[in-house]
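Look for subunit A in each of the two complexes below; its partner is subunit B in the first and subunit C in the second.
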Partner chain A sequence: MITQKLIKRRPLSIELLMPFVSIVLVFVPIVVLKPNILNYFGIHLLLNMAIPLVLATIAQMFAMTIGEIDFSLGNLVSLVTCIVGTTLAKNPVLAIALLIGILLIYMVLGALFYLKNIPSIVVTIGLSFIWTGVAVIIQPSPGGNVPAWIVNMMGYKPPLIPMPLLFMVGIAIILMLILFRTKFGVLLRGVGGNKRAVEQSGHSVLKVQMFVFLLVGLFGILSGTALAGITTSADARIAQNYTMIAVASVLLGGGSFSGGTVSAVGVVLGACTMTMVGTLLTFLKVSPDWQIGTQGIIILAVLFVNSQLKQKGRVRYV
Partner chain B sequence: MNPIVEFKKISKYFGNSRALHEMDLAINKGQRLGIVGHNGAGKSTLVNILTGLFPATSGDLYIDGELQDSSYDIFKANKMGIRHVYQELSLCPNLTVRENMLVFHPSISGSHWKQKAEQLIINQLDLIFPDHGIAAYQIVNNLTLGQRQMVEIAKAFTSPEDDLRLIILDEPTSALDGKSSQQLIDYLNSLKEKDLSVIYISHLLDEVLASTDQVLVMKDGVEVKTVQTKKTDRKQIISLMGSMVADDKDDRPVVSEEKHDVVSDEAAFIIEPRKKSDDVQIVLRKGEVIGLTGLAGHGQTDLLLDLYDSSFSGEYQVHVPVSFLPGDRQNDGVFSIWSIIKNITAQSYKSSRKNGLIDTKKEIRIAEKWQEQIDIKASSLSNRIGSLSGGNQQKAIFARCLQSPAEIVLMDDPTRGVDVGTKMAIYDLILREKAEGRSFVWYTTEMNELKYCDRLYVFKGGKIITELTTKDAVEEDILKASF
Partner chain C sequence: MSSSANTLSRINLINAYLSKNRWIWSYVGVVILYVLTGFVSDNPFQTFTASIGFSSFLILVGLGQMLVITNGPGNIDLSIPYTLAFAGSFSLKMTAGIDQGIFLGLVIAVLSGLIIGTLNFVLIRYALIPPMIATLANSFIIRTLTIVYFRGMLIKPPKALEHFVNTRILGLPTLFVLMLLLSAVIHVVLNKTSYGRGIQAIGQNPKAAYLSSIKVNYYKLITYALSGLFAGIAGFLLASYTGGATLGMGGEYQSNSIAVVVVGGTSIAGGDSNVQGIVGASILLYLVTNFLNIIGVGASYRSIITGIVIVSIILATGRGRGKN
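Let's look at the complex of A and B:
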């Protein structure tokens, strides 16, 4: 065991480089434009909107780690804002039943993808229409009445450190523990790396996959709840672009479409970067007509640079 | 005492082709058995039946004297302490070494799994490969190929429940350097007292001789002979591998040699090396068939791909258009949702065009011509190619190559897994096309196809090690060169 200590670890700093560089590239111009953002309330406002996206990105990350994808995520998050913002106040039992139903559907899907070898991309695109359909039935036009405890939770202001910052650190630590310390985390990444090896060692990939999709549903629901708490409204279409932004955030944070690679800190930073790109454009007084397009171009540029660096083996992730 | 594993008249057929025929085999406690044989001798099939990857077509498999039924599979084999080190890696490349141990041993658990897994693998690595230089927290992807192979081997020998009884090593040293290979052999020799049985499969005969008690020589799915390692040597094993050709005595070349002596000037080469070197290099003249042989996977396919894609770089210059006939039909050959007609004409749109557009009638005519010539058995040529049997699919793809304007056809083991009838049809066609001036570069894993070639190139370790003329070459020469 003496040899173990002699073999050098690669310095950790390079491994986290890319997501950090990305967030600095977006954060620095924001501070330059609005220096007074660097206070308690500024940070709270800046990062609060990132919370639901971080949660959605974590959902997408679980799916992408095993080489699957959820193309209905944004629609699911929107549906959850409707359930939380409308049904929960009127009929709590029904609301809880709906949320549990969503979790069950995700578990069944996870099993189906494995047993029948159906591509998740096709099924979840179909599913996205169902989510939106149900959401429109519950809340035809934006409105609703989000329970006060959820709104208060999202507006919670602890002393000294802004709540969103605490949340980001906390969720990154929890995620790191799940991914790198638990057996489930190892199996999850193992399935993404070499499914056959995991299977031949006698593990049930079926169980892993079902649990993964349960987590996709769970984090989707958390994301929708957080979003409803911040916007205080139920809107069947509010989060439709979350699907793609979450995918981009996962990629930015070091994940890949082929599965296996994942980084806890990376996905959190990735989602924060994506949110701040929107804020930066507002500060730059880019008109809302041009914002979405510009945001798209920035995302493309960041991902392009990212993938180029990755191909050359310049960056590694934890 | 019962043997750990016993084969009784086990046979395995894949469709019509025989992989293993009425094999008898017994492996005792502590026995170290080497298995050798040329491509397609049945080594891998034997191992795969033993490890439960697929069941035998007929015959009985006994483990500890108990007859195994159809429920015998990989997990059961694993439970009974039978382990297999695969040729291809069975590690998760994105995980660390110790995480791979956690995946491999479901019994490791608890909060200290990292330490447990680390101790298990590092102790074993230290035991087999001292100074391996591997740390348990390293990601497998970042290890060298040799180190990965070390982890793979050491992993198979770890056993938290101490239930390990038979280890099957299949070309374990392919990625190891000389020193590590020797360390492995030394380790295997030290196992004798531990009652652990080993099956050692390798084409490196010296390694097999150094690390086993008996050597089983196989050919064409049957046992040629099992010899005591102490009482044998390289020469005897090679001659055993080449024996039993009695069923195929017309081994003489089918081709005549004399006409090439007339056109031996260099201008006639249609494939030639860009730069002359000391290594053996291939040349090809118009109307020739050259064979690439040696053990499977020693660089033959790479050469074919190099020739196919040689317009700007590569070792060889190819002066005429080429076409490629893949061996892996399903992945590289067929357009599975296209019709048979479309599959045949896919490389020759020039000949099926009219006024710049593809003419369906012309296409049908072309396909019908080939159907007649090589007897593609299809109820209708407009059916999907997937509706054909494997052999007929291969005929259709072969027709595609021959219909194309290519003057050289590169063939990557084209008769892999096809029936005898199709093989004969393909041989006939090759000879006919050759007479009309087409040339072929033919990689084959079947010895008796070599007689259709003018010259043979034997590959070993990614290089051509010798050139033989078919007239003089006998199987033993090729075996001698490849092992």
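Let's look at the complex of A and C:
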């Protein structure tokens, strides 16, 4: 009886509620300020810009779940807008080759991080120089010509339910299935929690790591494509702050730097919250000068509450 | 037979030495680049001194970043660029462009750096926010303050200061010589003082460090404050060197400060630091840029090649599995 009590699963902890609480805290003021946002087109506009950020956040989440980080993500997303917005129309074969090349580079790096035991943060810093360099060569100044099918796809308006909303629900379900219903998902979280344990149970950490970085590259490419479709432009610097906003979104969604913990719904909600913070500040008529600082304060406040909930009762040495 | 065994053991020795002293790679790079510059330039020494002139600022912020990274996994300072811009703008404004104001400017630069660094520590320790996000969010706030209070003001640095940062000692830029001295001091601090040994111990195992009564919090506070301080002074000097402070003046120091730390052989996992490497890697980074500039490579290709250099040095110096 006692043992049964001991091995009983911990009930859903309060920290899992954080992403829900924070999105409500941002969404409610938006609705109060602009009640007419609560219709089909309002929701479409509000959430459309969140799509690329959600995809970038998922990319960063995969890296962070195994305790790594991609410091070049924002540069990659920008590069992809250039490839999609410029090269794809002019020379489709080259564009596809470049995208496949990116995926291969990510896979090779994933293997090298494991085999040579090198820190992903520094290699991806080097990578960020390379992405931006290539992007500027492709598209020296913002412009380009995004193929119509991508623009139409991002502007798709299904009956009744706005496309971004459908997308958010769909991607959350897919993510949940990947993370919690597949062997890869178990291994992924296992590598983040205890690499050695996964190794000694006879699984190849190398394969997991290569696949994880393949997914980082893939979701980075999806994010860039979505962004190009929404902004209809190729810009080598458009998404540079995605790197860190994605990290903040993962943390907001219940992930952690040390890896192992992850929440599919949390990640999607976290990225939506981060996008809506910008909208809210605009609605509040905060001057553009103050916006980035206010965003900083909001990130700090949310993570402060988050950390207080998480750390309760734990001994800290540092 | 015995001679081949001898060679083998010698190669092993060299390998062991290189893997223990990974900072050597950055100096190897500097020598190669210097020779390459000799082929394309009439006066390679001039290119070299120009590079080390600019590398002084990178050495300064790199030392701060190194101390932070020494504190172990996760510790990183992403507030450096806007600390630099804020301190540079604020301090130059306080000098009012006259020589009598230099001291006040320096005091302001030092104080801004120390306060921002302390704030970083408070956010990390007491708000329990991961350093990467804490320092970044803090720098968002500082960026806003810089925009609001110092936008569009290009304040000329005082004449005497502008002259000083451009002087040379024995053909080398004075600033660079000063940074060498500072590096030597930091080297001694790291290896001989309780603070230096303390942060290396924290980097290796914070729990063990705490249990052996190392003042973990106090040392971390000093570390983040020092990183802020170095960035603040770098802002003051850089603004004087380039003829005025701008909002974007610190941009390149974000990635570069981390890159030189690791290219210089410091472990990103903390607890194992290397000062000589910072100097070598900083010079290398600017030599690469200047060399590519001389042979007429455009900015975007320069960026790609810089990235390749950073990635390949990291790959060359990787420790291999299980040797961490």
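Rule of thumb we're sticking to: the second predicted complex is superposed on the first by the 296 of 318 C-alpha atoms of A that agree within 3 Å, B and C clash if a C-alpha of one lies under 4 Å from a C-alpha of the other, contacts with A are read in each partner's own complex, and residues count from 1 in each chain.
The definition used in the following text is that a residue touches a chain if its C-beta (ideal position, glycine included) is under 8 Å from a C-beta of that chain, and two chains touch if they have at least 3 such contacts.
Remember, it's a predicted structure, so these values are computed and weren't measured experimentally.
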{"item": "Which of subunit B and subunit C A:248 touches, first, second, both or neither", "value": "second"}
{"item": "First (subunit B), second (subunit C), both or neither touched by A:142", "value": "neither"}
{"item": "Which superposed partner A:192 touches (first subunit B, second subunit C, both, neither)", "value": "first"}
{"item": "Touching partner for A:42 - first (subunit B), second (subunit C), both, neither", "value": "neither"}
{"item": "Partner chain(s) touched by A:200 [first = subunit B, second = subunit C, both, neither]", "value": "first"}
{"item": "Superposed model, subunit A: greater residue contact from subunit B or subunit C", "value": "C"}
{"item": "Subunit B versus subunit C as contact partner of A:29, first or second or both or neither", "value": "neither"}
{"item": "Subunit B versus subunit C as contact partner of A:125, first or second or both or neither", "value": "second"}
{"item": "Contacts of A:112 with subunit B and subunit C, given as first, second, both or neither", "value": "second"}
{"item": "Contact footprint of subunit A on subunit B as seen in their complex", "value": "74-75, 78, 89-95, 99-100, 102-106, 109, 113, 118-119, 122, 126, 131-138"}
{"item": "Of all residues in subunit A, those that touch subunit C in their complex", "value": "69, 71, 112, 114-119, 121-123, 125-130, 132-134, 136-137, 140, 244, 247-248, 251, 257-258, 289-297, 299-300, 303-304, 307-308, 310-311, 316-318"}
{"item": "Subunit B contact footprint on subunit A (complex, rising order)", "value": "1, 3-4, 7, 9, 183, 186-187, 189-190, 192-194, 196-198, 200-203, 260-261"}
{"item": "In the complex, subunit C residues that touch subunit A", "value": "74, 76, 78, 123, 125, 127-130, 132-134, 136-141, 143-145, 147-148, 151, 202, 206-207, 209-211, 216-217, 220, 255, 258-259, 262-263, 268-269, 299-311, 314-315, 318-324"}
